[in-house]
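The data blocks that follow each hold one structure.
There are two complexes below, and they share subunit A, which is joined by subunit B in the first and by subunit C in the second.
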Partner chain A sequence: MVCENGEGASTSKNIFDDPIINLQTCQLLSQGAEAKIWEGVYLGRPTIVKQRFRKKYRHSTLDNKLTLSRLKQEVRSIVRARKLGVPTPVLYFVEHEASTIYMELVQGCSVKAALLEGKLSDQERHALLREIGRVVALLHDGGMVHGDLTTSNMLLKGDSSLVLIDFGLSSNTTLPEDKAVDLYVLERAFASAHAASGNLFDDILASYRQHSRLWCPTLNKFAEVRMRGRKRTMVG
Partner chain B sequence: MALALGIEGSANKVGVGIVREDGTILSNPRHTYITPPGQGFLPRETAIHHQEHIVGLVQQALKEAGVLPADISCIAYTKGPGMGGPLVTCAVVARMLALLWKVPIIGVNHCVGHIEMGRIVTGAKDPVVLYVSGGNTQVIAYSERRYRIFGETIDIAVGNCLDRFARVLNLSNDPSPGYNIEQLAKEGERLIEMPYAVKGMDVSFSGLLSFIEGAAAELLEKGEATPADLCFSLQETVFAMLVEITERAMAHCNAPDVLIVGGVGCNLRLQEMMAIMVSERGGRLYSTDDRYCIDNGAMIAWPGMLAFKQGQITELEDSTCTQRFRTDEVEVTWRE
Partner chain C sequence: MPDAVKQITLSLVNSQEQKLTVWLFTNVRNAKNIQQQLVAGSLEPELAFINALVVPDLLIVHAAAQKAMAAHLRGSLRTRSLHAELVYNIAGSKHVGQSLQRFGISEDSKSILVASFHTGDPDAGRVRSIVEGESVGLDTLSSLADMDTVKKFYKIVPAELEVGTVADAICCRIAASHC
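What follows is the complex of A and B.
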């Protein structure tokens, strides 16, 4: 995910209006699929600056529409999720013009890295997976889905608490279908990135079931969604 | 050196290819079943088409390669996924040839065939693969002896969406509906807003297809869009979705290179959009042209050869075919 190059700073400055923080004075941390993440200081606080960059491959009309709607959705969802008690970074400032969000810098590493490095004890790993289940249940019960639940979008802080990030594809919904698809995306992320570690997802699901008030319709739907993948071997 | 003869016929193309142990393609003839405008291809008629052409194609492949049946070391055929009737047709011919020539038979997964063909033709080492065709839409990356599916369509394939849209406009199926959409789209100017459905690393096209099937007639009648505008807008929208999920998978697995395979993969606009994205990430795009993107016999012969060299052969009584056969079910024994 990390793609450190000095060029990133200068090209994105040409494309967008100057953001409040001069991005060239910040450090480019990583380039995700649709945004560049910078580290800087805003009003004296260590800050993450997330700038959605233009997708040159996309038709500009389509690109503007998607970029703006995802920016808005991310901002609204961060605020809403925090109200529900879901740990997210604190939002500092939003610049629509430059498609940039300023938020709290969370000290920690991604859950993906934590699981892959294998430094966690079995007990710590179990606790982490249960926490993921609890947090996702909290989000879903509050009428939201994340839309892109992967282990890259979860951070593990130094005190082993969990923080959810990247709400660009989130939406407000109470439909079991949407929640089930959210869980399915997470299951697939585990199957693809953590296949070697065994059935980690089962722990998450058990914890989700325990913590969600509405687990029954969601998990019934989830069983249906799992069957949907194309060209699966089926009997009958 | 060992030679593999591969037979492919999972959809409306039937092809026979002969590939040498070192990956050289000696011959690769194929024949396409083309239906009238406004119609798709049905399993029964497609199977009959394959039956009429397959023996001639085997003879042509041997002749073009300049080899004799005695030179062939193994027969590879498409085990699945695909349409039942056409698959069975090819499997029967493969079994017959294996018995006649007394060589082993090897069942090959069609999707793995596309991936391995793309890798040998382009020289891509470990790319993220976008496999897009009439029956499949998957973003794949290799890990731990499997081609794992990171993202895919949750309903219809992108090629199916394009083909069925071509029927709405009554475009010709010769050489393929997708090709004719691509040509017409070059004249399009206006972008019509369409549903854009990306869910995590998955995409959905059925809502988009319903929308355009419903809206096309009215837009055309009122003069709000030309057929070219519709083709242009459809391509821009669905390809943007595909490039987006590919980029998500790349960010997720930290891989810089992309390989596009499958019939839709020869669309130059898709290749162009993907190339822009990949170059922004500092990687390389590997793509192939219609000789290898579109279903062909060599793409089955080559993975057959790879499996053969590992001693993986299919027993005659197991040489069945199946319409459902996922990419990640195959254990990839020939890669580290």
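What follows is the complex of A and C.
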């Protein structure tokens, strides 16, 4: 049994129970700063189990609140993105008591791996980059940003169609500033991981401009963000 | 198709080794009677009766059943029983009354999906004795569905169908309904 230190009623509900699926039958794929990713079988399908864990350095009341709100935000973002026509993994179950999300295991490799291995023909690569631009434009026009656009958070399902994953940092916004930062993060990701492949990001930007209705303010801001970096200067 | 599967048992992840078995009936004549028994709570052991016209895929039932089972094991059911929770979960909404009304059976239901949580073997004979109708293969489920109503109930937009099936869209709503 886990004892709660807090005295307030809000701490009474434990959100770090063991999930309903037996993790011993699952395989640990990776661990990040906020969650562990397991692979298992749920609803008779190969499934990704993403479990957020307790952070012992935080006060338990605060930890519960933050973890729960981030879990909910991630789930809402995935559903919202799907409604906009952005491909995401299918959600199977959200277990609040264990801070766990069960979702479709996308069979395929990451865009990062595909680009680095150089298996794609020039034509395929061009089509992929344009598709990334289109999907990001859809997301932004729908009033969302992904928050962590990198090539390892994009998968190629069945080695052809693009799927976005990890909406843990996603948020709802219509500000050109936030969208510009989203693009900037993606540009930096390309600059650091795919510098050897030339100017891949230009293709994405061209496609983004073509597919987004609101490209003008976003790209103006993007030029600004490029000059100063991701963090805003604090004035006033 | 004489050999069509007329009952399907779905496995559930849980500690009590419970499973879910599903049957599909068409041309049901005694829906009113069944509904009265349900309201009175006189069916023992209980069964879940689902409006088959608004459930285009078994994945939906499976996801809802697993979610109901999880709530049952944690003692956090939002409805009277495990079987009612299954019907409620299929709706993917927080509104219990409306969910049961839309996805449960009504007096004039002709196509009914029956589901039963059980350990051991399912009692198919008992289900057949309760429902006066034609037992048909579960592969006909998708052709029975009234897609316009399904899209209306779940508010499925065309953009969503470009990235996945109707079943995928509904599964996401079931998972996200309490977020």
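Here, the second predicted complex is superposed on the first by the 197 of 236 C-alpha atoms of A that agree within 3 Å, B and C clash if a C-alpha of one lies under 4 Å from a C-alpha of the other, contacts with A are read in each partner's own complex, and residues count from 1 in each chain.
Following the convention adopted for this analysis, a residue touches a chain if its C-beta (ideal position, glycine included) is under 8 Å from a C-beta of that chain, and two chains touch if they have at least 3 such contacts.
Note that this is a predicted model, so its numbers are computed, not measured.
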Which superposed partner A:93 touches (first subunit B, second subunit C, both, neither): second
Touching partner for A:149 - first (subunit B), second (subunit C), both, neither: first
Broader residue contact with subunit A after superposition on the shared chain, subunit B or subunit C: B
Partner chain(s) touched by A:169 [first = subunit B, second = subunit C, both, neither]: first
Touched partner set for A:58, first subunit B, second subunit C, both or neither: first
Touching partner for A:228 - first (subunit B), second (subunit C), both, neither: first
Partner chain in contact with A:78 - subunit B first, subunit C second, else both or neither: second
Shared subunit A surface residues [contacts with subunit B and with subunit C]: none
Interface residues, subunit A side, partner subunit B - complex: 1-3, 5, 31-34, 55-59, 61-62, 65-66, 147-150, 152, 169, 181, 185, 188-189, 191-193, 195-196, 228-234
Subunit C-touching residues of subunit A, taken from the complex the two chains share: 17, 20-22, 42-44, 71-72, 75-76, 78-79, 82-88, 90-97, 102
Touch list for subunit C against partner subunit A, complex: 10-11, 13-14, 59, 62-63, 66-67, 69-70, 73-74, 76, 157, 159-160, 162-164, 168-169, 171-173, 175-176, 178-179
Partner subunit A, residues of subunit B touching it in the complex: 80-81, 136, 141, 143-144, 146, 148-150, 152-154, 157, 191, 193, 196, 198-202, 236-237, 240, 243-244, 247-248, 250-254, 272-274, 276-277, 280-282, 322-326, 329
